[in-house]
Amino acid sequence: MHSASRRPSGRQPDQTRHITLTRDYTRHAEGSVLVTFGDTKVLCNASVEAGVPRWLRGKGQGWVTAEYGMLPRATHTRGGREAARGKQGGRTLEIQRLIGRSLRAAVNLKKLGEYTITVDCDVIQADGGTRTASITGGCVALIDAIRHLQRQKLIKGDPFKELVSSVSVGMFRGTPVVDLDYPEDSGAETDMNVVMTEGGGLIEVQGTAETAAFSRAELDAMLDLAEKAGAELFAHQREALGLRE
Amino acid sequence: MHSASRRPSGRQPDQTRHITLTRDYTRHAEGSVLVTFGDTKVLCNASVEAGVPRWLRGKGQGWVTAEYGMLPRATHTRGGREAARGKQGGRTLEIQRLIGRSLRAAVNLKKLGEYTITVDCDVIQADGGTRTASITGGCVALIDAIRHLQRQKLIKGDPFKELVSSVSVGMFRGTPVVDLDYPEDSGAETDMNVVMTEGGGLIEVQGTAETAAFSRAELDAMLDLAEKAGAELFAHQREALGLRE
Amino acid sequence: MHSASRRPSGRQPDQTRHITLTRDYTRHAEGSVLVTFGDTKVLCNASVEAGVPRWLRGKGQGWVTAEYGMLPRATHTRGGREAARGKQGGRTLEIQRLIGRSLRAAVNLKKLGEYTITVDCDVIQADGGTRTASITGGCVALIDAIRHLQRQKLIKGDPFKELVSSVSVGMFRGTPVVDLDYPEDSGAETDMNVVMTEGGGLIEVQGTAETAAFSRAELDAMLDLAEKAGAELFAHQREALGLRE
Amino acid sequence: MHSASRRPSGRQPDQTRHITLTRDYTRHAEGSVLVTFGDTKVLCNASVEAGVPRWLRGKGQGWVTAEYGMLPRATHTRGGREAARGKQGGRTLEIQRLIGRSLRAAVNLKKLGEYTITVDCDVIQADGGTRTASITGGCVALIDAIRHLQRQKLIKGDPFKELVSSVSVGMFRGTPVVDLDYPEDSGAETDMNVVMTEGGGLIEVQGTAETAAFSRAELDAMLDLAEKAGAELFAHQREALGLRE
Amino acid sequence: MHSASRRPSGRQPDQTRHITLTRDYTRHAEGSVLVTFGDTKVLCNASVEAGVPRWLRGKGQGWVTAEYGMLPRATHTRGGREAARGKQGGRTLEIQRLIGRSLRAAVNLKKLGEYTITVDCDVIQADGGTRTASITGGCVALIDAIRHLQRQKLIKGDPFKELVSSVSVGMFRGTPVVDLDYPEDSGAETDMNVVMTEGGGLIEVQGTAETAAFSRAELDAMLDLAEKAGAELFAHQREALGLRE
Amino acid sequence: MHSASRRPSGRQPDQTRHITLTRDYTRHAEGSVLVTFGDTKVLCNASVEAGVPRWLRGKGQGWVTAEYGMLPRATHTRGGREAARGKQGGRTLEIQRLIGRSLRAAVNLKKLGEYTITVDCDVIQADGGTRTASITGGCVALIDAIRHLQRQKLIKGDPFKELVSSVSVGMFRGTPVVDLDYPEDSGAETDMNVVMTEGGGLIEVQGTAETAAFSRAELDAMLDLAEKAGAELFAHQREALGLRE
């Protein structure tokens, strides 16, 4: 009761925002998913290209990578366009490296053959949690791209291993909360992004103390919230993809 | 009858695609319009910032500028991300300069005061005509941003002069046609972009022979088509903005 | 009488500046032409290189491209050196794309074989009309480079199709005028660059309203002036090249 | 017994490498520390500059930031020089952001006054764990720079809050291990960097599954190892700084 | 007799090429000189701008700097355009630093007041010795720019100290020679650039062994040749400037 | 007696600083030397890579090149990190070109086979003379890398020709002095870097007048000092390498 009143949105500590996954959002990409976590909206386009990066050639395996961008006015105030500034910032590079690593955990690269799947995550509107939404939606787009390769008979086996999703957790005004929106994100004591597999494994845990160090007990409480939210996210992904549980 | 069969889409030579203008598409920008010309979809976000570029300071006037970008998989095959390549290409710079010049024709910069309005045109899905859609949708977003300044009492007069819209015309298989989609655009003998004011004036005429030079008579026929389409575009803009004619 | 007095230079509305085309201006380039339009001086060097860009390889055709630059003090006040700034500006890229497209209209690329001709247009002194002078002089340099390939027996057929030239026209103080110099260019209501073939076709028409929209009638008047000037330009090119009419 | 034999170095799972912290390693920097974690050697130079970044001006507080670099032949094979490539890679930016955030946890920025302390961490020789060594050594250099400000009477209070150190942990061949060297780092199933305060708080926890997801139990086992190593690191820092416990 | 036959051009070892200095070559720059050393042609434009670089502000002195560029086809084969590559090469930077240092020796910066004179040296045609021609011609352009400041009554005293000129010398096929052209430059055992003041002082001596080390005796012989050529160069500069000896 | 008192360090005019050459300073590079000239400390790492730059391929010879960098706080005040600025400055490029040319004089590239040796010279602490220390130490690292190739039986002959070393000389308060430290370097009338071979030849002579032109007599006096110091440097190199004289 008390804790609910502490979240600006009025949500319960363990309550995620409204989550949607819309497939086939644009028509050119082999996988195209609009993911929304409340007011955060990210377009995840998975593109298949024959061939792999130079350092992987001839190894008989594929590659999955990600790129991340934010439209200049996805945020409260306009941010400069990275293309105009002539380089991607450190935050952008850090996020796209995280998305790429996370999505590779969903795939058996050996079974992918010499194809590269690039998942572009472009933030249309930002309200906190853009990287976790990108991973969750990007995984669905990635699977659609894999299904495309299979339908086209370009690969034989099934490179898809298991679903991967992600959610943020944090300590906000002394309480562990899940799926932080922008007002929470900018005021939290600790912010943590968790990437999980449907099988219960952890892929990434990135916790950062913003205004105060966090304890082992707080870490545990946040991971509990992430696990619980993970079950919801996997259900959303399954439903969007029409997979049976 | 014959000519209609010549267009891959089955459209009449003087028939534009289905056009929509959706205001308030995202929630942070002072003006936010999703414009669609058939399968071409562009998000136009107009952002207001206090101050003007250095070379305009102290002149008591405002500035309107535009930036243009294409999501990597807006196109049939994935194009590289300009932010990752470290620079905007010549085509991008050329288009955003065109959009900026065109939109400035809609505004009395003196009455804008020392504010800068930046109109970001980001192509979500491309099927030909992204620059003309950007100008047509960007004008609506620009007017919303101006209305925001007025509602906030930040400016007194009305800097809005008149509506500006744009459409492409071309010579396709010997026939003048309007609002070319991608299959037409890539096969046309001549491609021309026309920017018009509601008052009947021309702001930009950019005609380019792609595979064959064009004659004065063909130029005239194409301009006739553009004028006719302009009337439709202005009606769409008026309707979206709730302006009486 | 009246109109003449309107031009700062005292020229008649349909009067071009003094035009010269000096071949073999430098000694290394396969084609080297200094073109002057009054005080505007551009050095056009055409360089032949074996091979074509990657995306054209194996198609049995050649390529013609252009690069444009301005010496830092070609202008009234010193402009920064683009090499020192680390990138070519949007205006530069836009102009060199225009020059390249225009010059390709003079050539049958199939007959050029797998050679690339790069036409470097470097402005030694600027007084308006640098892009139209570049196209007009660049075409002569290009033909010299083609003749070089033929003399060296590197190609068999003749890739030269027809002469291409360019001139600016505009609305200046309410009157259509041709070949604007800098004072006119910076004060014109409308500025238009026209690229023409000797056969009477139009290659590019780029009209831009600077301070006021222009009408169809003004567009026609300007095109009439461009056509008339085109005849002069083709005569200059023929004379410089020693071609019979 | 078994587990010890699993580590290429023969170390026990909970055994860190030989750690040294040499102050005053170079003579110009206000704080200069060479830190070694076994064969990993990082020079941490803390520089004091008056003033703060633009976005902090006038807020009456200071700033602590970090930059990270690797000498081209710090590694087994020569890596390209980032200055020659013209940009810092994503890994570099990610690491220096981590170091900066971690070191700021050691400081009360309000008490620092309008000074910026930049901690340059340059890897002389790499053998795994360069970011954790950088944080551990950088904290000592930072404190020396703060002491310099105090000795010079440039600030009055003491901005130093508490010691911060860092160590890597991981799952290697099924066993949790601490302070991974390069052979372990490149073969580990999971790699995790932990940044701690002397008071027992966690500043950063960054765990990444490399070849297999990790469980909550494994996460706990790794954090236990990090805590134990933290005690050693704080003792090293205290000893180097001549601080009583 | 023998030695003459050794130079590809047939020149005597101590014979410079035909040298010309044409003032007022372009009309916008405050000083504009075309300098030719045989087939090497460099346009030197000196531009006056009020103000000095940030690090000199408030010191009551002026600044002289130089920029150097080569038109892409100034050379036998086309070199890439530095603006297109996005950076100036090491050779360019090295040369323009040399030119700047050399020209500053001709000027009393204190008497220049807070003005910056930038001397742009752009190579129209290259045949060896472009940096020495740039210094020799740039000095004349610099003096014209100083005279402009005096005529405009912008400065009171005379910042011009003494003439500076430069010539290359080298060991070519065992013989010391002066003013090397391209065939000599690319085949010389040693190449040396000497910058001198009219008063007999040395400003720069940059000798480089290309294929064989050089001895003190050879160094002396080369410097003797440079001194002799210096007298000629100063006479050319005096004549061009209309200065009495 | 008088002159000695003139040097801030109290050294005699012909007295070099304490010089050390420490081999095997880091463990990955094929040659790794820490060179110190007094308080100037440079780490010279020579790396062997199979293959040569594109323009040398198939010519049956090797290549030696150098890169130079300065740690941000090697100097009295912190200099920006070149990797962060996105380019190497002109001074850096000029120095690394000098080091590369100098070291190539020590090697018979034909006998090196198709290997590239890159000598990275990174300044740990700067006190004047970083480029001369880099050449002197880099030569020792280069020889170690050559010996590595021989030990590994990757090449048959001995590409090492002769020792190369370098020292700075200058005119300081009217007296010729050798091996200038930073206070001398920043106050000298003339600064000259001399690169020599053990056989008595000159490889580079780069003299620059800083505040006053220098005479031929002064040039000679400076070269005499450089020759004398060269003998010491070669003795240091021989001793470090265990070579008999």
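Here the chain labels run A, B, C, D, E and F in written order, and each chain numbers its own residues starting at 1.
In this text, contacts are C-beta pairs under 8 Å (C-beta built on N, C-alpha and C of every residue); 3 or more make two chains touch, one makes a residue touch a chain.
Listed by chain with UniProt protein names: A, B, C, D, E, F = Ribonuclease PH.
Since this is a predicted model, take the numbers as computed values, not measurements.
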Smallest number of contact steps required from chain C to reach chain E
1
Shared interface partners, meaning chains that touch chain E and chain F:
none
Starting at chain B, fewest touch steps before arriving at chain E
2
Per Cα centroids, the chain farthest from chain C
D
Chain located farthest away, centre of chain F as origin (C-alpha)
B
At the chain A/chain D interface, shared numbers over all numbers used: above half (same) or below half (different)?
same
Cα centroid separation, chain C vs chain F, in Å, comes to 51
Between chain A and chain B, what's the gap in Å when you average each chain's C-alpha atoms?
33
Cα centroid separation between chain B and chain C, in whole Å?
28
In chain D, the residues touching two or more other chains are 86-87
Can I get the ring sequence of chains, opening with chain D and turning toward chain F?
D, F, E, C, B, A
Quick check: in the complex, which residue numbers of chain E touch chain C?
26-29, 32, 39, 41, 43, 45, 47, 49, 67, 69, 71-78, 81-88, 92, 118, 120, 122, 124-125
For the complex, which residues does chain E have touching chain F?
87, 89-91, 93-94, 96-97, 101, 105, 192, 197, 199-209, 212-216, 219, 223
